[in-house]
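Heads up, there are several structures right after this.
The two complexes that follow have chain A in common; it is paired with chain B in the first and with chain C in the second.
Presenting the complex of A and B:
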């Protein structure tokens, strides 16, 4: 056996080991979700779909799913509008204030979420947003802005700025230039930013725990409570569903990235 | 009429434009010509409204344009890289300015097909910019800049990205288009042939300053500065001293030779520079009968260029470059041949020494 072959084997082994280490905790939930037991455990006598049936029949889980979807979509729309507008503004306005806007847009991923959660809690008490859908949507949108801002800025980076001048010379002011020329050419970046924004909301737990209690109970929050209270294997089923949904979104994101810029 | 009045643009300590004044008549084709970095684009973009001048004014029919934002100046611009919208088809690119002006869809459609016909791209309406060749993209950019009947059409080096053959073909097309639409065109280029061939008037700028603005013939035959003489083709620069004036004829001392010069030129001092185009200098074998301005010399170098032949001759008044049609009877002077160079009294142009020393070296 020559040396080169040995090197390849060792390298492959290392890669497989690393991937296993990373993915195993994710994969373990699959057998757990199919357990025939009445608690969060690996199956003993065989596989069963009973807990999946329980999720679908559970009013509570369905309402959580619904809330998570609504919050996810609404906060994504907000984050996309703000993030894309900021990215375009930073590119077009050549002044010191652009730097400030850039920093503001990136702040939410820099600040630890626990600190933001505390602040949001204090603030929401004052403005009566505590435990409301609107409050959670706002908080998730803020956390999602950096993802949109970064993706949108990256796609603007590849755009020839003379397009902006061309649009202006043809009679479009800044707003119509942004809408009719820039946004259509940033499609890939915007879709990718939107997907990450949605995913941010979809699995957000820290801030949500602070600012919601009875009325709002997103999926991650309900899972967290379920884990604390009764170790119901239903949680594993929900986790599998969450994971699948996330995977699908990521695949879409990859696909969109490879699309040509135009028609 | 467009007037540029004492326009200055400073970036930090350096001047991109320095006190440039220029007026452009309705319906003319004006070219701004200059070497790279001379401030051509800055001038054009100031007219377009994308560059804020440091001082001076730009007026259209007497009204200052400075307070008017670019989108309301109503100027069609062809950008250096064309700047076609990649997400729109050819048709929608050309329709863009009409949609921004909220024209009816019937009118939009009519004008778009008219504009596409003008640049012969009717069959490409549904293509996207990336599916077109450079020359076709260029024509789409032109159609888009013309379709809304702008007050002024500005073109920033529209042909420089194309290869030579295409460039020359499009030059002809541009000229034909200008005659046909009758709009005012302002073109920026660093290509002297392009400028001479296309324009009613050429403004030559150098280091942010306007050197001269004239029609191509005047510019070529009566350059006001050495820079202009040098930039528009090759020239010989002969330092001379004025001996005296005899009617229309000025007698000049160059080295040990007395030259005669008539009319053209506005040199006032005693020291001057005689500008002589190579093709105005005749070559004759030594001993042949010649006219008033004759200098003897030895051929140093010849180069054959198809239609013509260039000959470098070391003469008693310095090294001169002459050019003759290659079909000339005295066809092939070879290095080492003894020849006589001679020219008519009206062949040259006299510059003040001060203007003549602005650029170093000679052609």
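Presenting the complex of A and C:
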């Protein structure tokens, strides 16, 4: 009995330690962002919003935020349209013919970003997309497609194809079948996919570093530069903003997942 | 599947957008990088010969494999403990653990690296606590070395390690451990001889997933290694942006890609074997 008790205590202790390790670095940024010091440290004589004020008053940070939002939304729309269409395609077309497209849809998360970053850089020099909003939007959409594809495919997995056959025997074409029969059944998957696609763009740094320079400076890019130049508490404020955004989107995603499909 | 006559139309309608988009914007650019590895500065395999001849390159590879390997071992060990707890926990604790895995998973690696610097730097919070409690007199070097890189990378990789192991544990027939117990095995014996062997496929999948992700890491080693710990992705970017040796950078990218695809292939073999066994 005693040994069993010891086993439980050790397991519990290890779990608590692991969870603390996972969450602590995310939580610690909040007090650091409220520091009254001029360097990255916990508050000493009380909390201060001075660094938040500095962010809000900085035109550079605001324009970075704006760019990140525009790029995030545009690349999400692109990735959702393409990713959902290919999930539907892979459900309808026999796996032999769809196999190649399926693999292609997953490759961007399998292949290390640094390799795609090199390729995108060279390609964008060729087609004059370097350091343009359009170029970054396209590259982020490429990286986001797998997330949409996986989430949309998962929501189609349970779907009975006799629904599709019924719609078709009643005279619905492929597009009408997709819009009125399949998409309503994929709502949860599409919302999850869209959220993950947006988060991908919102956080993307490796490819962005290679294909942008002066004109495009997303929030992570700006943070990266700040990180290499000086460790300013202002970065902690931006990090808190990024974190909150992630948290809100994840909570929405969890809510959507628990909703019954279709409706 | 739908009727044969509509297959082609469905393919054209739903699959060509992603086929065209990803071929032009992804496969073609990546393919060009592979090509450059044998054409720059001149046609031939001279870039690949550097792998054997150049000691600095070998060191970068060694560092990369060592850090990715250690990250894999630690992350999978921690992931196993978490997955086991998830498997046995009640609904509320399960949701808490999932939240603690998903929140970091979807948080920018840049933000996480930044906050580790805040915690670990020599005048940072961890050293403050260590000195404050008298555990050490001078600050311990926790960043700009391999320890810092490992702390940051394991943190990123734990969710990747936990989820595949948990998925396998969930699929285990609960009657097997019960049968072992009723036949007189102790709880430890049941775990070691029945439960653990059944989770081996999950451990294998987790190790491969974590390893192939770890060897391509860019942000975390740069921020926490501070130039002292150079992994292959950073080395590649230096070749491109600073020394402008495209051939060398592309060759390293190709080797990295080959290693990743090799492991993905092994992983697929592993899952196929598992499905056949079940």
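In this section, the second predicted complex is superposed on the first by the 251 of 263 C-alpha atoms of A that agree within 3 Å, B and C clash if a C-alpha of one lies under 4 Å from a C-alpha of the other, contacts with A are read in each partner's own complex, and residues count from 1 in each chain.
To be clear about the criterion, a residue touches a chain if its C-beta (ideal position, glycine included) is under 8 Å from a C-beta of that chain, and two chains touch if they have at least 3 such contacts.
Please read these numbers as outputs of a predicted model, since none were measured by experiment.
Student: Of chain B and chain C, which one contacts the greater number of residues in chain A?
Tutor: Of chain B and chain C, C contacts more residues of chain A.
Student: Could you tell me if A:208 is touching chain B, chain C, both of them or neither one (first, second, both, neither)?
Tutor: Neither partner.
Student: What is the contact status of A:192 with respect to chain B (first) and chain C (second): first, second, both, or neither?
Tutor: neither
Student: Taking the superposition as given, does A:162 touch the first partner, chain B, the second, chain C, both, or neither?
Tutor: first
Student: With the two complexes superposed on chain A, say which partner A:247 touches: chain B (first), chain C (second), both, or neither.
Tutor: A:247 sits against chain C, while chain B stays out of touch.
Student: Find the residues of chain A that appear in the contact set with chain B and again in the contact set with chain C.
Tutor: Residues common to the chain A contacts of chain C and of chain B are 165, 168, listed in rising order.
Student: Per the contact definition, I'd like the list of chain A residues that touch chain C in the complex.
Tutor: 4, 7, 11, 14-15, 18-19, 21-26, 28-29, 32, 39-42, 81-83, 85-86, 88-90, 92-94, 97-98, 100-101, 104-105, 107-108, 110-123, 138-139, 141-142, 145, 149, 161, 164-165, 168, 174-175, 178, 196, 199, 202-203, 205-206, 209-210, 220, 223-224, 227, 231, 235-236, 239, 242-243, 246-247, 249-250
Student: Within the complex, which stretch of chain C touches chain A?
Tutor: Against chain A, the touching part of chain C is residues 1-3, 6-7, 9-11, 13-15, 17-19, 21-23, 25-33, 36, 78, 81-82, 84-85, 96-97, 100-104, 106-119, 121, 123-125, 128, 155, 158-159, 187-188, 212, 215-216, 218-219, 223, 233, 236-237, 240, 249-250, 253, 256-257, 260-261, 264.
Student: Which residues, counting only chain B, touch chain A once they are in their complex?
Tutor: Counting only chain B, the residues touching chain A are 48-50, 69-77, 79-81, 83-89, 96-97, 100-101, 128, 130, 144-145, 148.
Student: Sort out for me which residues of chain A touch chain B in the complex.
Tutor: Residues in contact with chain B: 160, 162-163, 165-173, 176, 180-181, 184-185, 187, 261-263.
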